[in-house]
């Protein structure tokens, strides 16, 4: 079951560059795991923004919320989710 | 080069059901061609809306506009395009 | 799996009162079926608007799109869907 | 009398994780009480957001404001309320 | 129980001036009745707009929807309702 | 001459609970004075929000700005004013 | 007492060029009268739009609504009014 | 050449009342100079807001930006500029 | 003096394909003239939309409004204009 | 391949005037380099705002994101990118 998410990141002023770098390392590892498990079907940077569009392939809304709230940067993210259905014109 | 598009369709009142069905047949064929050529990397229905999110993989902005304006239903579509770049956390 | 939908109805000017009444009869029957099957868990009128908030309990995004696009008034509806997950504070 | 609320939570930067955890414990207890009294007819997490949609069943606007402003996290919430009426197609 | 409503009127192009005048006569009578019954506590024109702000004093959401949907011009109105509670600084 | 105002209050993080309580006491006294003078014709809490809708009856825009900017909490308020005229359907 | 108005004009499709020209002649005369009486203190075209910003100097909200609703093109206008007060830095 | 500006002021929390008062004194002097030179053709308080609408009469966009960025409070202002042209119905 | 414009085109339903083609021919000629005179410094299609972003280099707001309102498709355009000043980092 | 960007700058309160001046020096140098390489085809100040509109001429979305995220002030910028295609009426 597919969902499109837009995730915007905004760090609070009090975080140090080291703390931010630490978040980015953990985020990369977490994202890799989601891609290997197939739960994240794709992730792209939105040009010019500290934001991404991602595709998720999960079995339920609960699983998607668990995946999203597990991102290390989740407390600093604003996420909007759009549920997707099969399109009649899709060949896949 | 990847782009995300959101395409909303709204037919004017004066089109007959037959005309609309004709558009849908031509649209399906055009979409199939784009998927076979690899220019359209995916298309999904937005649940509950006469709209889709699509991923395009093209060589230039000009090619993308040519692809989008070639949709049979283009005159009845409202399209918003978001340019995408490679995400550092993407495994692909 | 729960979803909240907001559905706004707007009939085009060319529909007669009889046609509109016909839609409303078919809509009522369709809604009744969805409630009996458990796919629609609730529907409420938004005070002062020709619109409703509804709760849907379905197994997938595809099933939800099938349910929504099956409404007799679907061509005249504008629908926004919000995916819901279990809330940690919910007793149910 | 039914109302739909959307409640978004945003904690200020100066709260410690312990303070936030304390709020969450008190919030859970308060929510449980409202569900047991029947004043809160349902609460769902909005997928990917620190927000919920809730249904309230109260006797008056004053009662609803009392209920909402009594949430321990109320000072950190942004709430939007939609009054609901019986829908002619509802079987309940 | 108090509610604030904003009501915007937009007549479709096909209505004749006579039809519009007829609506206005019936609307005035209906509004007078609501004021005499105490259900409408006040109505004011928004300067420069074909719109009003009105205060309603009713016993329930259902009663308010019945009152609002009974306006002769209801099919041509866009209405937004805000539920109001007693303010701690109000002397009334 | 009537005006509708919507007033939203947001205190900065650095105010102590004692300071906020002090503002609320002064605010209540100021509001009482405006109601006794007839300049404030009504004030209602917006359900679920730290905000109110108020009706003002003043002789000029200058007087209204003086009244509004005199609120003790004015520096922490966001105010939107709508000028109102007599409605042809009003019995008052 | 000063007010700023933004007035956007949109003619329905069924008006003929002659009818529109007639409206424009009557509009010019009406505007001239308002400027001569001092009720309209200024009017400017918004560059690139069929819209204007105007300043009105009137004694009351009721007078302003009478002035605005008297425009020949009023039925085709969308108007937003902002009440203005004396600015402490104004030399006038 | 005329421009309408809307200028909203928001001081950061760390400024002291003395610093704010100092800004207001310098702002008043700067505004007076602009009015005497004819570059500012008018300034009005928006009722209930820490904001103004101002009319500027300048020879170029560059001159207008120089004027606006010269306001002592410029770092704390949010400004929106609308270019104005002569209106065919203006008598001036 | 530079201005950025965004111009969106929407033809009413009653125009025939021949009428639209006629507008496009006249539009192309008019645009060519503006580019040759230097008044239009550039025009680009917004990908996926019947809209453009254009740069104009004119001596005054009045000249810009004359240029914009002279477009053959002007009655079917929605235009938003942004005044531009020299940027301190521009090498030109 | 052309893109239009709107870039808004907002410095956090904790930066000193010296730090801000340092950013501005580095920003100017970086912008000069982009103009000399031809990647930035133009940059203009938006009148009255700490913001610019810029034109970029790059070979890919990835190159554009690299260019934009390389701005010294990038962490303090909010950027919106619009992809542009050749316009049929452009003489260039």
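To keep things simple, chains are lettered A, B, C, D, E, F, G, H, I and J as they appear, and every chain counts its residues starting from 1.
Criterion: a contact is a pair of C-beta atoms (placed from the backbone, for glycine too) under 8 Å apart; a residue touches a chain by one contact, two chains touch by 3 or more.
Keep in mind it's a predicted model, so treat the numbers as computed, not measured.
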| item | value |
| --- | --- |
| Chains in simultaneous contact with chain I and chain J | B, H |
| Graph distance between chain B and chain D, where chains that touch are linked | 2 |
| Chains touching both chain B and chain E | C |
| Pair exhibiting more inter-chain C-beta contacts, A-B or A-D | A-B |
| Chain centre separation in whole Å, for chain I relative to chain A (CA means) | 39 |
| Between chain I and chain E, distance of the C-alpha-averaged centres to the nearest whole Å | 43 |
| Computed distance of Cα centres, chain C from chain B, in Å | 27 |
| Where chain H touches two or more other chains at once, by residue number | 2-3, 13, 45, 47, 61, 64-65, 81, 83-86 |
| Listing of all chain pairs that touch each other, if any do | A-B, A-C, A-D, A-J, B-C, B-I, B-J, C-D, C-E, D-E, D-F, E-F, E-G, F-G, F-H, G-H, G-I, H-I, H-J, I-J |
| Chain A residues within the chain B interface of the complex | 2, 4, 27-28, 31-32, 35-36, 42-47, 52-53, 55, 82-92 |
| Residues on chain A engaged by chain J in the complex (per definition of touch) | 13, 45, 47-49 |
| Parts of chain B lying in touch with chain I, wherever the complex brings them together | 3, 5, 12-14, 61, 64-65, 68-69, 78-81 |
| Parts of chain H lying in touch with chain I, wherever the complex brings them together | 1-3, 60-62, 64-65, 81, 83-86 |
